[in-house]
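One chain, chain A, links the two complexes that follow: it is found with chain B in the first and with chain C in the second.
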Partner chain A sequence: MKRIALVCIAVVIALGLVGTSYAYWNQNLYINTTVKTGELDWIFCSFSQLDVPGVGDWVGSTQTPFFVKPLQMEYDIAVSSGGIRPGDAHYIDITVDNAYRSYYNCYFFSVKNTGTMPIKIRETVLYYAGRAYRFTGSSIITTEDGVFQLRWQGNHNRVLQPGKSEDESLEIYLLNPEYSTAEETRTYDFTITLSGVQVNSR
Partner chain B sequence: MKRIGLLCLALVIALAVMGAGYAYWTQALHVNTTVNTGNWAFGGSEGGGIVPTPAVSPGPNNIPGYGSMTLNSWDSTSFTVTINNAYPGYSASVNYSLQNAGTVAAEVEWITIAGNQMTSNPFSFILGSGSENNMSVYSTLYVGDIIPPGTTQPFTMTFTIPNTLTGDENLNGSFNVVIHVKNAS
Partner chain C sequence: MSEEKEKRLKRNLWLAGNLLCIILIVMGSVGIAYAHSAGIAPLKPHTTSINGTLLQVFSSDDSGTADPLEPGNWLPGNPPVWQGERLEMDIASTTAVIAGGNTIQITAQNAYPGYCPSIFFSLQNTSGLPVRIGGATLNPSFPADELIIGTESLSAGNVIGTGSSLEGILHICIGPQAQQNHLYSFTASLTLESQETPVNPAGFALPRLKSPHRGAYIDSLTPRLEWIANGDSVCLLQIARSPDFASQNIILEQKGLRLMYFIIPEGKLEKNHVYYWRVRSSGFSGDSDWTPAWSFITR
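This part shows the complex of A and B:
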């Protein structure tokens, strides 16, 4: 029994020596890395409109483009309401009620970069009557149903730094009888949102 | 008894003479050998390893002023870096040198990244709990590379977040790169 024990001890020692020798001839190099990514986000931070309650409505020019020199009437007939969507400031909801042909309104709002890196506004998207109208620069369009003419003004593709905001505007004009297919006693709803992307995206 | 004693004496003398004769007809040739083993010095107390001091540099396509990499600590067998406010398309590199201060060549046997064998270069993997690769590592030092004894060679390791719009926001993840170097024999 003593001889077996001695042999076992010898084997353990030998293996230990082999291990020591192996460890001696190699090396691990470690590169420890921590990565924290930033955040890309924006919100609508302010909203206002030209047609305010209690003040006379505005009507567009009788000549195209209708947005040139709108005139203010003394009667407050149409009701335009809306604002930044509660709980999700990525949207603005607008409702126009009791409007009439030649009705004009302008909506002003600001976009703020609330993330940690610069963004650019790639496009503004207006949802109306089940369709999405995309503005990639200041432009005028007529809605597919022939009811409204819209003019968007904003600085698309310009870099918006974190914490900074930028103003945009949307003008709507309810086309006059010569052009319009607007129905009576109808409420019109608009929803506005943006596509904000990080500044280095392709 | 005297005769027996004489016989014994004669036998002893004969055996002794035989021994001398045997020795006479043989020769021991001695080969004197000195074995000097090589010296392994690739980081740690033996010297060599990562040479002072690794440097970090931003990638060429970064958004100026956004995203950063800092070197937090360094010794001869490891260094620690932190990347902050990164975003899809961000990249940064660590430039470091390895010194083989020993007398035997060193060979990179394997590299693991976040516990995965580095089977391609660059090597992409998932950092955090995402569902797609959101981190890529490129190393100029790769498996099979030899660092001859007595040399110091520069290497670069580049960390990139793929330029997709699905990168993880507000990610806070850590991983290790382990480079296993052994004697090249």
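This part shows the complex of A and C:
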């Protein structure tokens, strides 16, 4: 029996040596890596407008440029309503009702970087009457139907750091008869959104 | 001892001997089969162990550093200096530390598409014999448009002399389709082995050119070149005016090709010329040789 035990012990030792000598012949280097990606997001965080209910309307200049020195009237005729879209703060919806030629309004809103990375606001997109109008800098655009002139003022291509916000504004002017094809008793809808991109986007 | 007991003991001894033989045969067979399948030479007695010691590790983007936007180069020095394009701001960061004798822990935070940190490390051969990189594995791998992982100096077959150091580089590039707010984890494993161990030929998979076929006439000056390579490899393409690919005759060299095709942009080719092209792959298991060059003729 002792001899059997000796044989077993010898086998175990031999196997152990085999394992050890194999281990001697290999070594691994491990590079464990975790990469956590950031988040790119923004929202519209505030909205207000010049033409508030119960206060006299504003009208623009009768001559170009229309946005210079708008005047406030005594009467509140046009109704402009809107705000940040509930459930998706990437959009602002605006409705203008009962407006008339020369009607002027200015919308103010703030954009906030809610992600973890800086963003660059590349362009502001305004949807109106089935068309998209892109503002890549402070500029004036006349809508394709000839009804509105729009002026955007904002800091495009400027970097917005996480947690920071920035103010922008959009002015609308309902063109005069000589320029405009505006119809009476019509409701006008606008939707505004932005294109916020990574700062290293080219 | 009675005769009965003696017989029983002899029988037990005989059984034990047989059992031992069977165990050894089975063990031997398993060992040979493993060695064969893994491309590892049968064991030979040796008294020296294979030891690599991590000496230092550096990241191209420690916190507070402008972000690197390309794999870049590490210039020699102590510490080595990373050189390459950087963003003018610090959004992401990547730390690399030695976590135990043979492990590097890399942690990248707030990464974004285009962000390309690079890790430099120095591994010293503290064995009493030269060792060789037997191969490298990456687990898991990711789609190239999400995460590109590349290496330098870690090719299978590279030998580290006794007491010498291997300076390895790991490049990570975040692809355009990387998911936001997502955690990517992977482990790269590098095997060091005896120089006597046969090299696994799988580590040198050569790409195969596909089209346009050798000597083809093509009517476009923006043709599409196609080849076949390992799925986890990045390819380097060269197009030249001469078959020797002398530097002055190379009209285009394109690195980092994950897709197995390339459309030559306008302005590179002229009509009625012969051009030569070849491809080399760089995978986690090493760099391949150049493919034999193929030619095509524009008209």
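We adopt the following convention: the second predicted complex is superposed on the first by the 179 of 202 C-alpha atoms of A that agree within 3 Å, B and C clash if a C-alpha of one lies under 4 Å from a C-alpha of the other, contacts with A are read in each partner's own complex, and residues count from 1 in each chain.
Simple rule for what comes next: contacts are C-beta pairs under 8 Å (C-beta built on N, C-alpha and C of every residue); 3 or more make two chains touch, one makes a residue touch a chain.
These numbers were taken from a predicted model, which means no experiment stands behind them.
When the two structures are aligned on the shared chain, A:146 is found in touch with neither chain B nor chain C. In the superposed model, A:163 lies in contact with neither chain B nor chain C.
The larger set of touched chain A residues comes from C, when the choice is between chain B and chain C. Of the two partner chains placed around the shared chain by superposition, chain B and chain C are both touched by A:27.
Contact with both chain B and chain C is seen for A:117 once the two complexes are overlaid on the shared chain.
In the superposed model, A:197 makes contact with chain B only, not with chain C. By the touch criterion defined above, A:35 lies against chain B and chain C together after alignment on the C-alpha atoms of chain A. Shared interface residues of chain A (contacting chain B in one complex, chain C in the other): 24-40, 116-118, 198-200.
Within the complex formed with chain C, the chain A residues making contact are 1, 3-4, 7-8, 11, 15, 18, 21-40, 116-118, 159, 198-200.
Within the complex, the chain B residues that touch chain A are 40, 42-44, 49-50, 61-63, 66-67, 77-89, 94, 98, 104, 106, 109, 127, 135, 157, 159, 161, 163, 165, 167-183.
Interface residues of chain C, counted against chain A in their complex, comprise 9, 12-13, 16-17, 20, 23, 27, 31, 40, 43, 45-46, 48-52, 54, 69, 87, 89, 91-92, 99, 102-115, 119, 121, 123, 131, 134, 147, 170, 172, 174, 178-194, 197. Within the complex formed with chain B, the chain A residues making contact are 24-41, 116-118, 197-202.
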